[in-house]
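The following blocks contain the structures, represented as structure tokens.
Shared between the two complexes below is chain A, which pairs with chain B and chain C, respectively.
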Partner chain A sequence: MSKRKSWYAILIGSGRFGARLAGKLSNEDHSVVVIDKNESKFENLPLEYTGFTIQGDATDIEVLKAAKVQKADLFLALTDDDNTNFFVSQVAKVIFHVPHVISRVYDPANLPLFHEYKIETITPVLLALSTANRMLEKIAEEEK
Partner chain B sequence: MKVVLAGGKKITYYLAKNLISKGMAVTIINKDKAFCEEMAKTLKALIIHGDASNLSVLKKVEIFDNDLVVALTNRDQDNLIICELAARVLKVNQVFSLINDSENEQIFRELGITNTINMSEIFTGVIEQRLASYPIINLMPFEEGKALVIQIEVEEGFPIVGKWLKDLPFAEGALVGTVNRKGNVFIPHGDTVFEVGDRLLVICLPVDQTQTLQAITGWD
Partner chain C sequence: MSKRKSWYAILIGSGRFGARLAGKLSNEDHSVVVIDKNESKFENLPLEYTGFTIQGDATDIEVLKAAKVQKADLFLALTDDDNTNFFVSQVAKVIFHVPHVISRVYDPANLPLFHEYKIETITPVLLALSTANRMLEKIAEEEK
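Now for the complex of A and B:
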């Protein structure tokens, strides 16, 4: 079995979602750096996480440089603030040419802007809606 | 044509006041409700309470393509999204942004927001210019900036070369504390004659800084 390529991944935001994703990536032997403004957020990282953490504001380009963003294969903006996610994603994509940039987007109204710049998006509201839809369809199916 | 000022506090107020006095129509969008109420009382401007980085709020303002949008928040990421929404979605031609972190100016430019107002860069430039016009080695403020110690090296052509200290047109609030002549440091007297290469420690009050430096260097 051929071994899968190991990525260099940078995650912005070490909340519940970011920290779990970081744990998963590091478990799969990818190199991972998690950046968060708030050091206490690193407590969310699972025990098996073996990557690096950087405490700092990712909208400060020096912090991104310290994380060697120019070498990243994957950049994920996962803070709870759409504007911050948009900003750091743009910087990763346009300034540092990171090949894969994924951003969390809370307000679906912001999606067109992210897509215009070819930033891939994760929108919790839409995911929850589609899950809810599937459940409702299943219930409707069963009631037939 | 109207000017839309998005975010910001004091700067927004003063800018709005200026623009209104020049006869321009001004709209202010701000997240802070108390600020909006205050502005509504003091300015002849349309005040909208809301987050300008939210497209639905911007749409409420009815911005037309010949309007001017200025992003003035203290977070560059908010300013960027305000500008992007205004320029790309609302097709506004003239979009300006305040830049808080000067390093972000390049990012804004690469993303197509070229009308940037880089506050810290402007101030740095002004200060540097002021300092660079004199061959100052070091300038240190003491006593909360009420006293300055300036380290300066005497160069060829300075009017003080070959002159006695007591003949120099120094202000009352300035004196030469020490002279370093080829590593030999001494305290000058009225009859000390300055030479090229002397390194001086000059103590002065901030108000006398310009006059003192002019007396030493002869520069404007």
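Now for the complex of A and C:
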């Protein structure tokens, strides 16, 4: 990967997804803060992670301020709760004007709401379905 | 999609992923059985789903037999528990010789085990990470 600008990135949720992405960003010399309500979730962070962690509820604006959200280049809402992801993404985008906001969407039924508010989304279940479809197409091809 | 052979497919787990895939397969005129421990999960099945449902624990071989696993062309283990997915996939593959066995893997740390036993896998969190990486690369490109 070519050298790029160092970002200040805030990630909400230190589950398997958030923690791995935090490790990758940290490994690429970005400044990273991970926020999670549950301190034990920080155990998911890989050894390569050299950023900060904040134990707290990201739907509390004081917690976001403590993470200096107003300075963030990138904000990723990656909890397994779509209401939380939607709320914190909107706060990051509308109140704190973070230039790049990306949210995980757990239940595809919630996608229209995120799209309506122009929040970029990642929906793992839809990605998994596409992959399953490709695998099944391949099986069907082999049977022809 | 071109006309293809009708499969007999058994899906374990009627969560968002399993239920949507079951609907799609059913819609393509495959014969589908969905098994879930929790009957309320069948509410995830879309209206288009015309297959069968069996409420039961798929790690109980009698439940798999009731689903006629020995006749299945395709077996998909899609619960959110990797131990369950691994166990039922192995049973389908080794005991019942199902030709195509695909398992969801929740925690990427468990992938080597599935690979060792040559079970095909879908790992939503890794798909989500790839997508996140592509989105971040695009942001980095735009900033150049």
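Just so it is clear, the second predicted complex is superposed on the first by the 142 of 144 C-alpha atoms of A that agree within 3 Å, B and C clash if a C-alpha of one lies under 4 Å from a C-alpha of the other, contacts with A are read in each partner's own complex, and residues count from 1 in each chain.
One rule holds for everything that comes next: contacts are C-beta pairs under 8 Å (C-beta built on N, C-alpha and C of every residue); 3 or more make two chains touch, one makes a residue touch a chain.
The model shown is predicted, which means the values in this text are computed figures rather than measured ones.
S.K.: Should the superposition on chain A be reported as showing a clash between chain B and chain C, or a fit?
M.R.: fit
S.K.: Which of the two partners, first being chain B and second being chain C, lies in contact with A:L76: first, second, both, or neither?
M.R.: Only chain C; A:L76 stays clear of chain B.
S.K.: Which chain makes contact with more of the residues of chain A, chain B or else chain C?
M.R.: C
S.K.: Looking at A:L113, would you say it contacts chain B, chain C, both, or neither? Reply first, second, both or neither.
M.R.: First partner only.
S.K.: Have a look at where A:I102 lands relative to chain B and chain C in the superposition and call it first, second, both or neither.
M.R.: second
S.K.: Contact-wise, after the overlay, does A:P124 reach chain B, chain C, both or neither (first, second, both, neither)?
M.R.: In the superposition, A:P124 contacts chain C only.
S.K.: Is A:Q55 touching anything from chain B or chain C once the two structures are fitted on A? First, second, both or neither.
M.R.: A:Q55: touches no partner chain.
S.K.: Once chain A of both complexes is superposed, is A:F87 in touch with chain B (first), chain C (second), both, or neither?
M.R.: In the superposition, A:F87 contacts chain B only.
S.K.: When the shared chain A is used to line up the two structures, what angle, as a multiple of 10 degrees, is there at the CA centre of chain A toward chain B and chain C?
M.R.: 110
S.K.: Smallest separation in Å between any Cα of chain B and any Cα of chain C in the superposed model?
M.R.: Checking C-alpha atoms only, chain B sits 12 Å from chain C at its nearest point.
S.K.: Overlap the chain B and chain C contact sets on chain A and report the shared residues.
M.R.: 107
S.K.: Which bits of chain B are touching chain A when the two form their complex?
M.R.: Interface residues on the chain B side: 53-56, 75-78, 80-81, 84-85, 88-89, 101, 103-104, 106-107, 110-111.
S.K.: Could you list, by residue number, the parts of chain C that touch chain A in their complex?
M.R.: Residues 1, 4-5, 16-17, 20-21, 24-25, 74, 76, 100, 102, 104, 106-108, 120, 122, 124-125, 127-129, 131-133, 135-137, 139-140, 143-144.
S.K.: Spell out the part of chain A that touches chain B in their complex, as residue ranges.
M.R.: Touch list, chain A to chain B: 59-62, 81-84, 86-88, 90-91, 94-95, 107, 109-110, 112-113, 116.
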